[in-house]
Each structure stands twice: as structure tokens, then as C-alpha cells.
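Paired with subunit B in one complex and with subunit C in the other, subunit A is shared by the two complexes that follow.
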Partner chain A sequence: MVWHKITWSRRVVQVLSFLFLFYGATLLNLKPQEIKWYSLDGKNQKMAELLYANPTWTQPFQTFLPGRSCRFAGTTGTFRGCLMYFLSDTLTWRPPWKVILPSLALLLGLMVLLARFWCGWLCPIGFLSEMLNEARRFTGLARIKFPAWWLATLKAAGYALTAALLFSAWAISWSFVAWSVKKPLYLATCQICPSKLITPLLTGFPVMINLQFPGASTALLVTLFVLLVMFTLLYFSSAVMKRSWCKLCPGGVILSFFNRGSFLTKEKDALRCTKCAICADACPMETLAVYEEKSRVIVDHTQCIQCYRCVDLCPEKKCLTVKFLGLPIFKS
Partner chain B sequence: MSAESAAQAQSGMITIEVVDNPSFWDYAGEYVYVGIIVLFVGLFLWRRWAMRKK
Partner chain C sequence: MHTDFEKRYARTPVRRPSEKILNGMRDASRDLARRLQQRPGRLPGLSVFETMFTTEQRLAELRASDRRVAGTYCYFVPEELLRAFDVTPVRLCSGFTETIAPSEEVLPRDICPLVKSSFGSAVVGGGYLDECDVIILPTSCDAKTKLGEYLADYKPVWLLNLPSTKDYAIVKPFWVQEIKRLKTKLENWTGRKLDRKKLKDAIGLFQKRSKVYRELYELRRAHPGVISHQDWLMAIQASFYADVPTWIAQAENLVQEIRKAVVRPVPDLKVKLLLTGAPVIWPNYKILNIIDELGAAVVADEMCSGHQRLWDYAEPDEWTTDGMLEALASRYLFPATCPCFTGTCDRVDKLLKMAEDFNVDGVIYHDLRLCQLFDMERDLVSRVLKERKMPMLTLHTDYGQEDVEQLKTRVEAFLEIIR
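For the complex of A and B:
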């Protein structure tokens, strides 16, 4: 058996991250965070003001880390609130600067430092998706490769979906929008995210899967439900196709803007490359950026999830190098 | 909130938030976080510019 040190290190980090983000509060005997339910109906429209009453400058660090785990993780998880949750919540409720600024500082810091490192090493949903693919390999099932046009379509759909979700989060704060439209669109990202179904089931809180919105527009509810089912099926297709949901994930789309320019860079020495295509085959996001690049040194691509599988499997010595602020940390 | 501002709040008058024993964060909270945000955005843009031809 060949020892691929980066891949094995990544697996260990992924398992620890999964346990911490999904079961951290239980395992470490931390006090469960208080779950505050609030909705956009007339009765509870002032709840946001209560939620953000008397904020402190360090409150966001005590309650959730933006860009981290799913808010549907019940009381067993730690640091509730993912990147999209933070952005949607901020656009809808417009919380005080005391809430926005610390979260934004932390979020930007993590993105500039690590970009999509979160996707490849820490995201529990991405980890489970890879485990589905490992199960396929174990059972000997053949992998289905995405055709190039399908990958391009998924990428474009990811941008469109992210823009639509952020716009809907902002639009439901407008006073003239009807309550029947506002209610199902509140946390629209969560309503269509596969994590809304997977996380509560894995953390033992199926009650968190709330699909009922009394008084809401039926057409909108059906649309959101169809999207949720479609995206969940796409997620489970990771059993036969690599990381299928990750190619569309809105959180990943936001992080992808920081891939080129973050402190982590992946460099290629084109003179050492023998065009063996192992990197192209190994990539869980099925990008050809590393394989095809001939002139540029830095080969970070928006779809790269910084898993460094290409670096780990590259047979050519020092052909691929991962650097943090110019200092080499991994070499092929 | 001091007793005076609490009384003002109850009477419906304009309330001025009075922080007893203000900490460093009460004085400089927004400057610290805005500074961090500007720093990270600046670093990111500088790195993007520096690697434009690489």
C-alpha cells in the first residue's frame, strides 16, 4: 500500500473536524448553545431586535463562527452558522454593526488565509460526500465521470444560485413583499441545502427538518421543496460521481473568489511535468487546471478545494508545490 | 445603563446609552474590527495584484 501523507493527514483532519462540528458540544461536554427560533411572520417580526439586543463586540465568537458548521446541527454541534447562513441572515435582518463587524472580520480573515481549504479539509458535508465515494470504491462500483459541458453548467448554475439566494435574502427585508413570500424564503439557502436534511438526522435532531410554513405561498413552497429534493439527490450522487454537490455549493462559490490571492498557493514547475494526467484523474472537483497549465506558475483555480491530492499523487519530484505566504509546506 | 438613563427610557424620553465601567472594546471595538477588515482586504488585493502575471 502506497503511503500518501497529504491524503492521510487530510482524512485525519476531516474526521476530527466532522466530530468537532457535529458532536463537539456532546463530546467535550460544552454547554449547548441556545437555539433562538424566529420567523418573519407578523407576530415575530420584532424577534430579530430581541436576538440582537445588547450585543457585545465579542458575542459572535461565543455563539457562532461564520463559515463553519450548519445551524441545523441541533445542540450537539459547535459553532452554528455557515458562511451562507451568516450572509443571508445579515442581508435579511441587518443586525447591528457590533454583530456584523466581528463576524465579517473573522470571515474575511479565514477566506484570505485559507480560501477553499475549508471545503477540502474541514467541511463535514464535503467529508461525508467523499466517504460516499470511498464506499463506491470499496464496493467496486464504476465511477461516472462528469462530461466537460456538465461541469461548466454546474459551475455557472452555482454562480446563478448564489446570486439568487443572496438577492432573495435581501429582498425579503423589503416592506412591500408579502408575508406569504417572505416566510418560506427566510434562510432560503438553508431551505434548499442538502445539509438541512443530512445534519439533523446525523446529530439526532430530526425535529430540525421543518418543511412547514403555515400561510406561505404554495407555489414557492413547492419550488423550494423540489429544489431541496433535487440538490439532495445531487449530493447523494457523490456515491458514483466525485463531490457532485460541492461543484454547485453556494458557500464554495463565495470562497472560490478568494482562491487566487489567498495566502495558500499551489505552484507548478511546467518543465518537470510529464503530462501523465494523474493529477487530472485524482482531482475530486475534476478540474483540468493543474494538468493543462503550461506557462503560469500559480495554478490555483476557482474550483480547487485545496485538498492537494494532485500534489500527493504527482510522480514528478518538486513539480507541484503548496506554499503558505511563499514558504513551501507540501511538495510532490 | 445608569439609573438616570433607565428613568429616561421609562418616561419615553430620548435615551442615551450609558456604559458603566467602559472596557477597551467599548472605546475601540469598531476601529479594531474595521482595521482588521481593511487589513485583510488590502492584503488580498495586494496579493492578487502581485500574482497577476505569475
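For the complex of A and C:
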């Protein structure tokens, strides 16, 4: 059998990243500030800004990462939260630039540097969904393929969801919006994220799901909960459908805008390609972009999670190359 | 059992067993083998491949073995799948001119010699086709499609419905279904379920075969003169019939021999040519022989009976039964550059790459008479090559020996231009 060294190195990086992001504080004995995720003053029905009480200049491990460095990893995790958490929270509170600048600069830097490499190599939630898939492979059960229309729906839904989440985060800061709406929609991105259920399951961080809350709209709370259940089911379906949640993930959608033009590029030598379609079969995002490209050199596209499975499995020498700032790092 | 061909109206199969024709075929094989042996500095490791054609050892082996034998045609039959069911695949595409005349008693005259010759071996009998328990036939071109109906008079024939385009999104699901249908047929036939482990081993074995071939290819690329193209094709075409592990062992031995031979400098070739077009099949090495005699050398080919057969391998993303069948579906469709598909571009890409790899001086386009598909692809190929200042010569011929002198003159003139 062919030895797939990119896939194996990716697994090692994924395991290390998973351990670091979810259990780093415990393993490395770091003392992160406790995350106050109830930053709303329910009694007075007012927003109480607690999150930015301490600027993050001096706390590198207390900031945000583009991958799912989930806030629900709580006290065992190393980071404060993910990209979507930061964006939603910033849009809601709109703190002074000097407070958010370090986090913003770090996030932007990391996004330009690696783009969706975060999804393929570093995101612990993506890693776990691949492990679910590996478990199924071990049993020999067949994979379920997404039909093209369903893939297109997921892609469109991903954009719509991201826009809706960011808009709601901004809208609840408007003074005329009723508290009954504000309360449930605060950090809606976390309320619907499968990671809200999966991460606490692994880290033991206590999470409460309230379907009723004083003064808050029950309809909205229930809607968000239904979405949470739906997305969690979608997540667990990654056992039979490769990376199912990742095809919708709002964090991934934002990272996807950086895929073209990031420091990492994937290049194809069209003449070396025999059109054998192994790359099309292998793609965990089930895209055909790399396979179908027959003239251009750069084959980065928005859906690519940069896992380089195609590069790994490509049977033609030097047909596909991954470059970091123009330096080849992986070759087929 | 279900068949792909109705029998409401049927023909009585025509059988014309003829020792004379069989002897003629044996002579043709032996003559060619003798000619190949005479090449100075020929590697001794090649003679094992040749016995596949000069002796009837393998045929006797197949007769004696209790394994079932499946005859295949073209590029598109997943041999790994057959192997997983302990069925031995034998590729029946024939290059004998002797069987053409007997085939014409049934077939019309104006169809391609490959199909006529292949069908003729059913009429004459005594060859590999006789040993087949079933024939698996991809519907690549019109002649091959209808050949199935004729062959169904002699043997059970299973069709593989080959699509006309290679558009992944449209064609892949369909072709996977077709491969799975073949799997079901094999299951019913052998009375066994497909064994995941056996399929995995078979795919692994064919990957190994492809790896060995690629090693040979790289060596040949570095030292094109180390082996003649007639020998090269002969070694590849031995795999039509050979037991796969045996072939791999023989090829590995050849790799060692070439490694040893290239320690001393291999004489450089004066004119290097690339062969493309319709399949050149043992013992119809007529055009290669003409080129060799005129002092030029074919160094590479892009034919389904040559390079294409062994280059590609299946690479499953996941080793589940389903995943492996999907990989086989891809392997036996997308890399093919058969002109039965709508586009010519993939073939042009492959040609340009090989021309670059081997630094060739010209391209020979083998156009089998009455194959419209290769004929119609020629225009685009010649235009692209012309743009790139690569001379191309079309040899429009069939299996007969009548036009040898005429071809010689044409090749000679072409070589004059190149030199």
C-alpha cells in the first residue's frame, strides 16, 4: 500500500492541536482568567460589559484563534474562544479599538497566514468529525455521498447563516431592540454551534441550556435550541458524510475568504495531470475544483480546507504542490 | 441468469476450427519473437515475457486450473474486482491478421481490423477466448458494442455501459452503479459475497504492478535506448494474459537488469519518436518494425495496449468495500484517453507531457483503418502539435502486410524531414 505521509503528519498536528486547544491550560499548567460568559445583567435587564475589563495585551493565551478554540473548553482550554465569538462579541459591544486591536491583529494575521489551513489541520472540532468518520471506516460501513444540490444548499446556507449571525450580533446593540430579543440573541453564534454540546462533553465545562429565561422570548430561545440540535445532528452525521458540519460552519465561511491570497497556495501542473479523478474522490469537502482545473496554476478555492489529501493521494509526481510564500512544502 | 443480450432471434454460431490458421498464428508469433531476439544487446530478462506468446504454457495453465476465466476487452474492465472473486482476467483484444478472414464470414467487411481479428478467434477457436467462462465487454466504440452481440453466440457476455463523456459530476455516479452491477453479477455467478480483504489485496497488488511499471518507465525515460519499443510493448502485452504476481516478479527482474545495463553508457538514439493512436497489438508490430529498420526508434507510446494499461492504479480514499469500488470506478474511466469519449484534450495533454518527458523528435499517429474515432481525433492532435513545431506522421493502415513498402516510403520521407 502507498504510504500517505501528509495525512499522517496532519493527524499528528491535529492531535497536538486538539490537546493544546482543549486541554492546554491543564496540561501546561496555565492559569487563564475565568471566562465570564454570563456577561448580561439579567436582574436589571441591561448589558454589563465584563469581557473586556482586562485588555489582552499581556495575555497571549487569553485571546482568540481562527479555529474552534472553543470558549466552552472553559478552564481546561488555552484560548478564550474562536473567530466567530470574537466577531460577534465585538459587534455587540463595539469596545474601543485599543482594546480589541491585539486580538484583531492576531486573528487577521493568522487568517492571512493560514486561511482554511485552520480547518484542515488545527480545528479540534473538525478533527473530531474526522475521527467519527475514521471510526465508521474501521467498521467498513459505506459512506453517504452528498448529492450536488445538497452540497450547494449547505454552501449557500453557510453564507446565509454567517451573515445572519453577524447581523444579529450587531443588531442587539441597538437601543431600540427589545430586551426579550437581545437576551436570547446574545452570542447566537455560540448558542447554535455544535461545539457548545461537544466541547463541554469532553472538557466537563458546565453548560446550561435555558429554554425559558426571565424577560427573554421563549420562541427565540426554542428556535436557537432547535438549530443547535439540528446542527449537532449534522455534526454527528460526519460519521457517514465526510466533514458534514464543516461545509456549513460560519467560522469556515469567514476563513474561506482568505483562502485565495493567503500565504499558503496550492498549485497544479496541468500537463502532469492524467485526470484520474483520485483528487475528486479524496476531497473531504467533496469539491471538484482541483480535479476540474486544467489551465490555471493556482487551484485554491473557497471550499478547500487545505488538508492536502488530494496532494497526498495524487499519483503523478509534482503534479500538485503546496507552497508557503512560494516555497514548496508538500508535493505529490 | 440475466444476460445483456436477448436470444429471441439468434444465429447459430459459426465455428471454423482450422489447424492451418492456428499454425499461421503460431508462426507469426515465433517470427516476431525471433526478430526481437536478434536485436544486439537485448536484455535476457525479456525472454520470459515472450514465452507468453511463443508457447502455449499459459493457455495450458488456464485449462488445468479450476479458477474461472473472464475475457475482457479495452481499458475499462476492473481486473482487481475479478481477482477478488478468484476470477482470472484475460484481455482478448487481438492483433492477429490470420483470424480476420474467418471472421468475415459473419461480420461485415468494413469494420476495424481489431474487432474482426478479435471475433475471428471465436470463429477459429483454440485460443484464450475458448478458455473464457464469461466475456466482459465495455461499450467503448460502436464496433465493440456490437461485437458483444456476436460473441454472445459463443459465450455469456456481460456489457459494461461506458458513458460518452468523462464529466465527473454527471458520469461518476452512473459508472459506479455499473461497476457495482458487475460486482453483483460476479457474486451471483461465483455464489460468493465480495470479500473486503480480498479486494483490498487485489488493489494492493495492482498498485504494486503499476509501481513496477512506473519504475521501468522512469528508467526508460533516462535511457531510452536500453530496450526497443517492440520489446517494451511485448512485455506490457504479456500482462494481458499473465498471472499478476508472476508478471510483477518478471518486471522487477527486468528493472534489476536495466539498472545493471545502464551502468555502461547506452548508445544514444538518433531519432526518437512517440507513438500514439490506435492500439498496436502483438504480433502486429508492423509499423514499429518499419521504423526500427529505418534507423529511428519509438521511445514511448500513449496507447491503451501499451502505456495506458499499466500506468494508472486505483487509490481508494477509504478502504471500505464501497470506497474501493468507487476508486475502481475512477481508475477504469477517468484516466483513459480512448477516443470513444467526447473530448480529445486529455489525450493531447498526455501526448505533450510524454513528448516533453522523452524529448522526442516526432510523433507517429497510428490510424487503424476504419476506426473513425481515432481518425476524427487526428485533426486536433495534429494542429496542436503543429503549433508546437512537433512533426507528426499519420500511418493509415490495417493488420495486413500488403502496404509495408508504401509505409516504408512514407516513414523514410518523414525521417528525412526530421533529420
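Throughout what follows, the second predicted complex is superposed on the first by the 291 of 332 C-alpha atoms of A that agree within 3 Å, B and C clash if a C-alpha of one lies under 4 Å from a C-alpha of the other, contacts with A are read in each partner's own complex, and residues count from 1 in each chain.
The rule is short, and it goes like this: a residue touches a chain if its C-beta (ideal position, glycine included) is under 8 Å from a C-beta of that chain, and two chains touch if they have at least 3 such contacts.
The structure displayed is predicted, hence computed values, not measured ones.
Colleague: Touching A:207 in the superposition: subunit B (first), subunit C (second), both, neither?
Modeller: The answer is neither, since A:207 touches no partner chain.
Colleague: Of the two partner chains, subunit B (first) and subunit C (second), which one does A:275 touch, if any: first, second, both, or neither?
Modeller: second
Colleague: Applying the touch criterion given at the start, work out whether A:309 contacts subunit B, subunit C, both or neither, answering first, second, both or neither.
Modeller: In the superposed model, A:309 contacts subunit C only, not subunit B.
Colleague: I want to verify the contact counts: of subunit B and subunit C, which reaches more residues of subunit A?
Modeller: Between subunit B and subunit C, C touches the greater number of residues in subunit A.
Colleague: Just to be sure I read the superposition right, which of the two partners does A:143 touch: subunit B = first, subunit C = second, or both, or neither?
Modeller: In the superposition, A:143 contacts subunit C only.
Colleague: Output check: A:327 vs subunit B and subunit C. Expected answer is one of first, second, both, neither. What do you get?
Modeller: Neither subunit B nor subunit C is touched by A:327.
Colleague: Can you give me the overlap between the subunit B contact set and the subunit C contact set on subunit A?
Modeller: none
Colleague: What residues of subunit A sit close enough to touch subunit C in their complex?
Modeller: 1-2, 137, 140-143, 145, 148, 270-278, 280-282, 288, 291-292, 294, 309, 313, 315
Colleague: Spell out the part of subunit B that touches subunit A in their complex, as residue ranges.
Modeller: 25-26, 29-30, 32-34, 36-37, 40-41, 43-45, 47-48, 51, 54
Colleague: Can you check the complex and tell me which residues of subunit C touch subunit A?
Modeller: Checking each residue of subunit C against subunit A gives 166, 168-169, 172-173, 196, 204, 207, 311-313, 315-323, 326-327, 330-331, 333-335, 345-346, 349-350, 352-353, 356.
Colleague: Would you mind writing out the residues of subunit A in touch with subunit B in their complex?
Modeller: 56-58, 97-98, 101-102, 104-105, 108-109, 112, 258, 260-263, 265, 296-298
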